[in-house]
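Multiple structures follow.
Next, two complexes with chain A in common: one pairs it with chain B, the other with chain C.
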Partner chain A sequence: MTVPYAAARQLAKSFGAKRVLDEVSFEVAPGDVVGVLGKNGAGKTTLLELMLGFTAPSGGSVQLFGHDSYRLPGAAKARVGFVPQQDELIGQLTAADQIGVIASFYPRWDDALIHKLCQACDIDTRERIRAMSVGQRQKLSILLALGHRPDLLILDEPVASLDPLARRQFLEQIVEVAADVRRAVVFSSHIVSDIERLANKIWIVKDGRLYWRGDFDALKESIVRLHVRSSRPLPQTLTLPNALSLERNGVFATAVVRDWTDELHQEVGEKLDAQLEIENLALEDIFLELHR
Partner chain B sequence: MKAVARLMLVYFTGTALLRTVSVLGLTAIVAGTAVLVYLPPLVGQVGLPSRFSLAEEALLMLVPVAGIIALLFGGALMPTMVSRLAGSHYAYVLPHARGKLLASAFGTVAFVALMASAAMYVTMNSKLPHVSFTYARLLLGSLLTYSTTYLVLWFVSRFRGPLAALGGATLVIGTLVLPLRFMGATVPLRWAIIPTVALWIVIAIALLLAPRLGLLRANRRRPTWRMSAYAGGDELDLMIGTSRPWLLALGQIVPIVVAAKLIAWLYGDVAADIQVKVWLFYLVILSVLSAAAASFAATRSRALWLRAPWTRAELFARIEAAFWRRNCYTLGVLLVTMAAVGVYFELPNRALAFGIVLLGLATAVSTYLGLVVTRAIGWGVATLAVGGMLLLFMASINATDPRASMATIMLLNFTLAALAVALRSIAKRRWHDIDWMLARPETAAHAAA
Partner chain C sequence: MFILKPHSGVPIYRQLLEQIRRMAASGQLPPGTELPSIRDLALQHAINPMTVSKVYSLLEAEGVLERNRGKPMTIAAGARAAPAASKRARHLEPHLEQLVLAARQLEFGEADVVKALRDHWQKTVEKTDDRPVRRRTAAR
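Up next, the complex of A and B:
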């Protein structure tokens, strides 16, 4: 049986009286590319930082490579790459020096890869970091997380400050990482199209809970838009099972439903004397519907 | 006007801690001066009877003084807020934003100076102040003192690293020696007006012309010599900012030379023991300031957690060692200076020895106080910091005083050593459970809220 790279059970985190995360459980296995979606303040960063042991959970547990994240041993750390939301680069150094400093912490470091990526990302390694633009600093942060070829790459809003070209390069790099089935990627982003393009698993964080955790395809199958067309006016008090939202207009109704089955489809159709049509939603629509 | 008043209110009441300190300060000033004015002969003046001993009188007189200090630090948000707002987009989009910020800054300093000068006048004369030469001198002296104090606070909060300590220390000289000199009974009033006006003209120019200055800075070409690679060094030191201890140590020479000139100029005609006291007080402040950079260790160490193969406990041990390595250079320069001062003024061996010990203790207390700051500063740390600083200043006054008893000096030094040990123990415990989500300034602010 494959040991998951990361696993959490009933994870919770509070800051004072404020519960930021609650009852979060997950597993990240080799080959997973997990996209973490959520509104601002939903708890995405807290979730990722709990995974990495920056902060202690208030309840439950989280493990990386079988070790308690909060007490992560050096060998496990060397298998993790992390890109924080705000870079942690040293402004006084040149990019080359910064790379040198970070490389010195790892037993193995792929100089050739970093050299190649610096050229591809148009990073002048002689340039001082404080003279770089926000986007360039972010690109450098991403490169630094890749140099030691981590088994688990965790990225917190990595593309927020990148231009479309740099974003495309970044996505290609992640595809390359993800192509290696021994590696896993967890990344949070507000850019739903990026997650849609890359992730094979989706976590949706809503109000501090993992509202959805599973395959991307399963999510798209699970949450659908339902178009109802009845032969008679629909009742004012119309309700549909598992409906996330519902709009009624005479004989027509449109609803977004979760876990819609063939049995439900048939039952509702007969009850309302209506034709039902299912429309698959894009990830962005699903996200918006869940946060209405 | 409304915006200026609102800003001033926020400076004094922006956080729960500052709100409480401001209210306590105002209460102490009002209550302390009322006691001195309306309950005669509570405190005896020359030739007047007193119902209290000298020690009790001294304590009563300390109430308004403590109030002044509390009010001063109650408005500590002002320099940070003014500089942040002046540098933000608000300064560009809000009408007359820079002018209002300048007015609010001056208003804050003027308010503190008014309260302080009134309290000082009452403390000295046991009657309410009225427009007079003495009061005007007190007011102008206070205005200059608190202007430079807030400038020091801004400098220390705005800039980090060796240059900040250097600049802060240089400004401290101004705070320590200049206003006192300008308040002297024989000094013409214009000498209190000129530096105050000059200082505020400089502040106004900096604040109002910030966009142009910023533009100049953006267009300035970086000199090629600054493009050179770093000179090597331990990676941990680079990441937590302790990689160039010699720079900070050499940096101490500038404020020391400036202080030597100023102290000779301003205090050249007073007794040598007073000059030595000023020197030791000043060197203690330098050692505290240079060691205080340890308060950034928690935030900076975040980047080390996933990179370095150390546990939290090992990380603390390494960071503690790194800061001591760095502090030793600075301490060395300060100790040599203290020894030179002692030799020059023919200081007795006892005073010289205690002065040297005190500099070491000041560095230790300040370093561990900094290392304790692994999350937002709460009541406990704030109390320890204020208590520690008061102890240090008391010890610096006593160390070179030939009339001070050996027991008092030993007790003060022992208390400082115990405080350093206690702070180290707290820091060690905190680092064993350090939470980097709380160590980040912005998160700490949220958590505190």
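Up next, the complex of A and C:
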């Protein structure tokens, strides 16, 4: 069996008395593109930082390439690329110097790739970083995480300050990385449509726990909105199996259900003497429904 | 070539799967038509290459697509005949359901609906110069 790129078991983190993450388990395999979704303060950044070993877990374990993240050997570190929410560029340096500093850490640095990407992204390498706009800095920060061709690319809200054009370029970069089945990407974003385009796995972080973890297509097929129309008034006490929410109004009812199957569909239809219609939900709707 | 809406509730792989299936079945993509490479299609729509590769593999297994060594995938020779009428009819079902529902809400009987449908059909065919009505894809 191959070692997963990242694996966590019963991971927990507290800051003082406050538990910000609990019972988090996951695996990232080569070829995965994981979209991490959650409200502000749900624990996404903490989760990514634990994964990267920036902070020690309060319980459980998290590993990268089979090593404890918190004590990651250099060779394993060189296989990880990270784009933080707030860039860590050095203001006094020019972009070229900054690239040089980062490149010096990595034996496998791909100068030609970075040169090409700087041109594609309109980054003037002679410009000083402190003179750059937030968007330019963010683009540079993303490029710097790609230069050593990491096997595992982790990005924390990488596109927040990018204009639509730059965002598209960023997405294309991720497509390029994802086209290589030996690489994996984990990225958190509030831009749900980016996650919809690229992710094949979804993690939904809610109140410090991994509320959903799995195949994206399975999520879209599992959580659906159900429109019920009965030939007689529905009972006041109407309940539906696996319902996350339910609203009843006379002969009509609307519900969001989880793990809906053809068998349930038929069974409920017959029991309520009702027509049932399924509406697929966009990720944004699913996310909102899970937070009602 | 394809219209993919990441924001729709339907998973992207299913949108692509159904579009290729329909276009092959209707002959819009005749046998031998080359499909874009996985990478090109993924880049063009900024979607995950694995999604495209999953669709291509599923359609290959169904006999809609043909894999050619070192060359682009193509629409298979038998693809056009593949989906039987009963399969195509599935696409009509939601529309029929809506129609029957509306008719019952308006208290029309079966015969009224059949007559109205026939009239409408003839009017539409006349309007389009006796050409057969193109099957509309469920635009949603």
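Just so it is clear, the second predicted complex is superposed on the first by the 292 of 292 C-alpha atoms of A that agree within 3 Å, B and C clash if a C-alpha of one lies under 4 Å from a C-alpha of the other, contacts with A are read in each partner's own complex, and residues count from 1 in each chain.
Basically, a contact is a pair of C-beta atoms (placed from the backbone, for glycine too) under 8 Å apart; a residue touches a chain by one contact, two chains touch by 3 or more.
Please read these numbers as outputs of a predicted model, since none were measured by experiment.
Novice: For the combined arrangement obtained by superposing on chain A, do chain B and chain C clash, or do they fit?
Specialist: Here chain B and chain C can both sit on chain A without a clash.
Novice: I'd like to know which partner A:Ile99 touches here: chain B for first, chain C for second, both or neither.
Specialist: neither
Novice: With the two structures laid over each other on chain A, which partner does A:Ala131 touch: chain B (first), chain C (second), both, or neither?
Specialist: Touch status of A:Ala131: first partner only.
Novice: Touching A:Val33 in the superposition: chain B (first), chain C (second), both, neither?
Specialist: second
Novice: After superposition on the shared chain, which partner residues are touched by A:Glu49: those of chain B (first), chain C (second), both, or neither?
Specialist: The answer is first: A:Glu49 touches chain B but not chain C.
Novice: State whether A:Asp217 touches chain B only (first), chain C only (second), both chains, or neither.
Specialist: Once the two structures are laid over each other on A, A:Asp217 reaches chain C alone.
Novice: Please work out whether A:Asn200 is in contact with chain B alone, chain C alone, both, or neither, and reply first, second, both or neither.
Specialist: The second partner, chain C, only.
Novice: State the minimum pairwise Cα distance, in Å, between chain B and chain C in the overlaid complexes.
Specialist: Checking C-alpha atoms only, chain B sits 27 Å from chain C at its nearest point.
Novice: For chain A, which residues count as touching chain C in their complex?
Specialist: So the residues of chain A in touch with chain C come to 31, 33, 168, 171-172, 175-176, 178-179, 181, 193, 196-200, 216-217, 220-221, 224, 229, 275, 277, 279-282, 284-285.
Novice: What residues on chain B touch chain A, complex-wise?
Specialist: Interface residues on the chain B side: 222, 226-227, 229-230, 235, 238-239, 302-303, 305-311, 433, 435-438, 446-447.
Novice: Which stretch or stretches of chain A touch chain B in the complex?
Specialist: 15-16, 46, 49, 52-56, 71-75, 77-78, 80, 82, 88, 90, 92-94, 96-97, 101-102, 104-106, 126, 128, 131
Novice: Along chain C, where are the residues that touch chain A in the complex?
Specialist: For this pair, the touching residues of chain C are 6-14, 38-39, 42-43, 45-51, 97, 101.
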